[in-house]
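Each structure below appears as structure tokens.
Heads up, the next two complexes both have subunit A, just with different partners, subunit B and then subunit C.
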Partner chain A sequence: MSNSAIEFKAKQIPDTLSKLGLIILAIGVVLGILAFYTDHSRALFNYLIAFMFLLSVGVGSIFLISLEYITGAVWSVPFRRIVEFLASVTILLFILVIPLLLNMHDLFHWTHTEAVAGDEILKGKSPYLNTSFFIIRVLAGLVIWAFFYFAFTRNSKKQDLSQDQHLTTKNIRLSAVFIPIFAITITVSAVDWLMSLEPHWFSTIFGIYFFSGTVLAALAAATLIVVLLKEKGFLHPKIIDDHLYSFGALMFAFINFWGYIAFSQYMLIWYANLPEENFWFLHRWEGGWIVVSILLIIIHFVVPYSALLSQPAKIDPKRLKFASIWIMFAHLFDLYWLIMPNLESEHGYSFSSIDLVFPVSVVGILILVFNYNAKKYNLLPLGDPKLERGLNFRL
Partner chain B sequence: MNRTDKIFGIAALFDTPDAIINAAEKVTAAGYKKIDVNTPYPVHGMNKAMKLKPSKLGFITLFFGLSGAAFAMLFMFWAMSLEYPMIIGGKPFFSLPAFIPITFEVTVLLATLSTVIGMLTFFFNYPNNNHPLNGTAYIKAVAVDKFGICIEASDNKFDKDVIEQLLHHLGANEIETIYYPKDEVYPIFQPKYLMFLAATAIATSLVTYFVLNKLMFMDPFNWMMVQDKLIPQEKSEVFEDGFGMRKPVEGTVARGFIPYPFMGEPTPADVLSNPFLPTRENIELGKKKYLIYCSPCHGNYAEGDSRLRGQFPNPPTLHSVRSREMSDGMLYHIITNGQNIMPSYASQVTREERWAIVNYIRVLQRAKFARESDLQEIKKESAANVE
Partner chain C sequence: MKIDYKIEPPVVEGRLSLSQIEELVAKPLETRPDKKFFIAIGISGTALLIGIICVAITLHYGIGMWGNNQPVGWGFGIVNFVFWVGIGHAGTLISAILFLLRQKWRTGIARFAEAMTIFAVICAGLFPILHTGRPWLGGYLFPYPNQHGLWINFTSPLIWDVFAVSTYFTVSLVFWYIGLIPDFASLRERTASKVKKIIYSIFSLGWRHSNRNWLHYEKAYLLLAGFATPLVLSVHTIVSFDFAVSIMPGWHTTIFPPYFVAGAIFSGFAMVVTVLIFVRKIFNLEHIITLNHFDKMNKVIMATGMMVGYAYAMEFFIAWYSGNPFEQFVIINRAFGPYAWAYWIMVTCNVVFPQLFWIKKFRRSIPVMLAIAILVNVGMWFERFVITVTSLHRDYLPSSWGYFTPTLYDIGILVGSFGLFFTLVILFTKTLPVVSISEVKAVAGGAQPSHHGGNH
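Presenting the complex of A and B:
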């Protein structure tokens, strides 16, 4: 194919970016350590939120990569590298998961053997919900994701030099394997990390609920980076507003998807009104939590839905920048709503400045991860056979 | 083809999508406004090449989508909360979560239908089966593998020679001048069309019949119908005696039930004594119930003047000596047990109401056979009223 047609010398990513990332991360880490000293369990739950957010971005990005291969999408090829960079967050999870595994006893009620012994329901669930099997599942998930991350990106990077089309075929096959595995692993992660915080509760749609947020977080992160890079002129000049449309449309679609799934989960439980299911929502409707719950609807659905509804809004870089930042915030907020009510507290919802600390490190980590990869690898998958068509993509 | 010699426009064919994009750009740049491009599939980038403004169709969708949402919500609010409130599953009359799926459906339905209909009527000028391009070699080519552009004669800058030159210059390989067709009437009810309608109707009926009467009763479509639950009017398979409901244990008494000891005795040896004082409320209750249950036969003032016009034997007056001398308990017994052809009212009228009726009958009797002292009393009262 047209190997020679694409001549693109990437602008060097400025060194200030890594400094910025380091400073933000340093502040985040210092504040985080302080938080752990002030209120250990609150900090731990907030740490879990940050961890789950990074998991969303990382694993969601691997999913986006595989989605491009399996659907044969063209428009996204010029941006696949950015998604690949974000996917490398998955590797960091191996380190980030350690504090959680060490403090499982403070996070998960079902790890308390004496509580399980006196509780028929938890006893029944203990073949699944026990510490050793949990750790096995978590590590297995991480290993699987890491494997696919390396497999996808290795092939993609090799192609830069070899321009071998078979590498694309290989990745398409990998995607076909990955997508069902992704469905299972993401569901297991949602059940393990989020649903089992309240081990008496169950919802069969929960995995999809988390999946919708996962894809949103990854998409929003990628969109934000793409729009920023384009504004600063780091992207190929052939990339124009038309390319952005698909980002906007996908985010809009997944906002709807999230709303659909979230409402389905709520409505079925509300309608049946069975005490073994409804207490989870009732708890999030008590005291100050009612405000958080209603805000969730506004933040995670109403605002981004209205912001992205019209067709011009899906192309407008300014609007996309707003929407992607907002959606990332919304996913954090969603995780907050899922996780924090399980923190034992006597008087319903109370805000604490600790809740603001951990997202800082998340921002720092994302900047550094991007910076590290962007310095090391091409910003365009130069050998991809679909690249030229991708660059010429028009609405 | 029957054509007039009035020019509709000039059409040109190109071979590749790139060529047609280029042509669209150049023709637009040359200032032509009334142009249209016909391609076998949507060509990315055409909107920009033709400098098309974003379509207004979205506003139709938005308007009808919002109307659908408002209509569904208001209708359910009116029907379920105002006009015919029903308790369903113990939920409030206005229960938003239950309304949302329907609102969503109606929104989507109206939005999509209006989009399609709006597109056909406002943008495609439907019904339009007489478009000048119909039947031309040009339209046949672009429907298969060519990319065409057509500049219409209604354009202000229209000049046949200039345009033909321009299109040539752009690399068109065929240029066709298109004339208006003769006014022809295409009847809607052609035999072919009617046959098509009939065939559709038959096919739809067959499919519906098959789905509703066959498919629905096959596994797994019938899983919702086959349920281990009690179906009204059908024998229960759970209990040996075939009843779905269990009978109460022998000797069970309903809440608040007080058994009447003289049931079924025409002339009871003993009767109860009246446990209720004839208070104003009690008598008012008695009046109400008497007028409802007794007055059709016994008359409003218990004179035995039935309103049933001989459809039921007239009862005796309750102002007879016999009735007046009856004890309260006996009156109660007659209401509770019935007497000869008068049926028992125990199932319609509660115990308390029966005693209240007795008290009211006493009032009626006393009014008819007032004592001297009563008259004195009334006179005093009316005198006081006059002053």
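Presenting the complex of A and C:
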């Protein structure tokens, strides 16, 4: 069999990329440390935003890998490596989670034993919301994700040499197991890290809400890398607009999905107007928060929706670059909207330059993670039996 | 079984030629109905008649003939409505969403599923109209200025239902019809009967199979798919709002919209599988509606079944987590109260049995999938029963607690709705092509140009 994919020689990733990543990360870390010295609790909440963003990209990428296998998709095969690279962020979470676990007392109201003792509802939740069980859940989630990350990518990389079709079957089976587990772990993460920041509040849709953002962040990160690589000529020449279209269409679909879930949650709580739930939204409507809340609708829905609506927009590399960067920003903004109102401040919303610090390190980390993997592994899954079909993909 | 991932599995099996496909699909329309047809329509017609009698008695004496009581003001009327709207979700999902996801296998089943959508929505529409007690005043559901000064209550989700369901029905019908136009033209060319030729000519809108025709057709189809996709989600979302905007424990929970949509797709696919098993056998369509189709549909059933299971689990967890004693009571009462039997039927049928589809053999075995699909339909009917009745029968005041038992008329109308549905389905199989001839031809072997470097 003539396999033009294998004959293709990939260009080397330039060394400047790692330098760029290191410089950005160094700036981010220095600024981050300064932020912790200036305002410890604000910096901590911002750190949580950055952590959740990386969790979204990492775990969302594992989900995208499993989605490709379980649906038998071919168009995405030439890009699966890029998603695999992003998924390795999951491993970094083991280190990044440590500052959060050490400072739980400043993040979570329910860790204050004296507050729980005087609060019937929090007392009722304490079998779930207690420090040791929380840590067990967090670590269990990280271990599960890491296991699936290694399992998927190990099979995928082994296939580069062996071209063994059975490895694809193995990964399909893994995906079938992973997806239900993913649904549970991502829901638990959403409840633990985000919902329990306001321990009195509850919403059954919340796990799905976070899931929609997770997939968006992972998808946007992958799209950005794909478009940049394609522009610089690192990708296989057979990759054409038809492939890009799928990225644009999927981002568009998930933007709508996020809008649908966010609207459902808001609508039902607004309509029923029960004080035990509506206070969460009312808090985000007080003082300056009203501006942030309205901006969320524009940033997370109106702008990307309009940017990706038309068919030509979904294949335009410039538009896709804009949309993917914007969507990553929107997910950060969404996390900001979810997390920051729980920082106790007396006078509603106030902006601080600390809020801008942590995303810098996120960019640095993502560049370095990509660079590290891209130097080490093939950019194309050369042994994947679906690769040929993926490269020849037409709409 | 060894799978070669390098080649695309064929959608149409048995290496049928394009003309064979047309022959196969058009055959039921060109032959006289046989004995089996009359037996089938006899059974469904009888069920329909039972329903008509029960409806007539209800209209004569009033809604008091039903089992609805205080506190269970919503009984079978709403349960059946939600059930049938749910069944109506698979068709447009298959034709619109799977189209946008470029799933070629949808072509073999899309036509039939769309028809079922339309019939199911017709069945669904009957129940709220009857439940109003005075169906002849239904015209006031449309907002038009009248001398009585009557105006609809726009803040009520029940009126949103009227608009959502009627929009969904209209768009599904148009979508279905657009897909039928090329087939009407093919039938027009084939038929020898003068009357049929006139009818087919009218409905084919002067279709000439020309390049320009196809260009317009494909654009229209894509646009309609785009319109229909949000509608699939919106209809059951709004149905879920009927419950969830209220402040009833057990009804008011934020997961309801996506949960209802997943449940609707779940039950809709189960119904499509149930009916297609028979259609495929009776009309010898084994090469067009293959075991691969069922395999994929069963996977969708399993996936949506687990989504529904996720929603049950979330409801349980958050009811506990919320710390709200009323929420907790409703959930405990559902699982262990007087309606525990209904709850556990629901859980086993919707969550436990579909797990059998993990095994490939079961996904590809006709008797197993028929059994599971029917159980899923039972389970999804009970889900609506559980949501509606168990939340209502024990409210805040223990002195006003009650128990709902359906009357013969409730059951008769439910039977009648099945009769109506199947009568329409059976008539459809003899009047219109049950599989889209043009779409299946487009995915048959050799219809697509192969690209450079491909190993086709």
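Heads up, the rule we're going with is that the second predicted complex is superposed on the first by the 389 of 395 C-alpha atoms of A that agree within 3 Å, B and C clash if a C-alpha of one lies under 4 Å from a C-alpha of the other, contacts with A are read in each partner's own complex, and residues count from 1 in each chain.
As a working rule, a residue touches a chain if its C-beta (ideal position, glycine included) is under 8 Å from a C-beta of that chain, and two chains touch if they have at least 3 such contacts.
The shown structure was predicted, so the numbers you read here are calculated from the model rather than taken from an experiment.
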(request) Once the two structures are overlaid on subunit A, check if subunit B and subunit C clash or fit side by side. (result) clash
(message) Which partner chains sit in contact with A:395 here, subunit B, subunit C, both or neither? Use first/second/both/neither.
(response) both
(request) Give one of first, second, both or neither to describe whether A:276 is in contact with subunit B, with subunit C, with both, or with none. (result) second
(message) Is A:203 touching anything from subunit B or subunit C once the two structures are fitted on A? First, second, both or neither.
(response) second
(message) Which chain, subunit B or subunit C, ends up touching more residues of subunit A in the combined arrangement?
(response) C
(request) Please work out whether A:125 is in contact with subunit B alone, subunit C alone, both, or neither, and reply first, second, both or neither. (result) second
(message) On the A-aligned overlay, A:310 touches which partner chain: subunit B = first, subunit C = second, or both, or neither?
(response) first
(request) Could you say whether A:237 touches subunit B, subunit C, both of them, or neither, answering first, second, both or neither? (result) neither
(message) If the shared chain A is used to align the two complexes, which stretch of subunit B, 219-227, 291-299, 345-353 or 363-371, clashes with subunit C?
(response) 219-227
(request) Indicate the residue numbers of subunit A shared between its subunit B interface and its subunit C interface, in ascending order. (result) 267, 271, 394-395
(message) For a test of understanding, state which residues of subunit B touch subunit A in their complex under the given definition.
(response) 44-48, 54, 58, 89-91, 97-98, 100-101
(request) Please give the residue numbers of subunit A that touch subunit B in the complex, ascending. (result) 242, 263, 266-267, 270-271, 273, 310-312, 393-395
(request) Quick one: which bits of subunit A touch subunit C in the complex? Just the residue numbers, please. (result) 1-2, 4, 74, 120-121, 124-125, 128, 165, 168-169, 176, 180, 183, 187, 191, 202-208, 249, 256, 260-261, 264-265, 267-269, 271-272, 274, 276, 384-386, 388-389, 391-392, 394-395
(request) Could you pull out which subunit C residues touch subunit A in their complex? (result) 3-8, 100, 102, 230, 233, 237, 241, 244-247, 252-258, 306, 310-311, 314-315, 318, 321-324, 358, 451-455
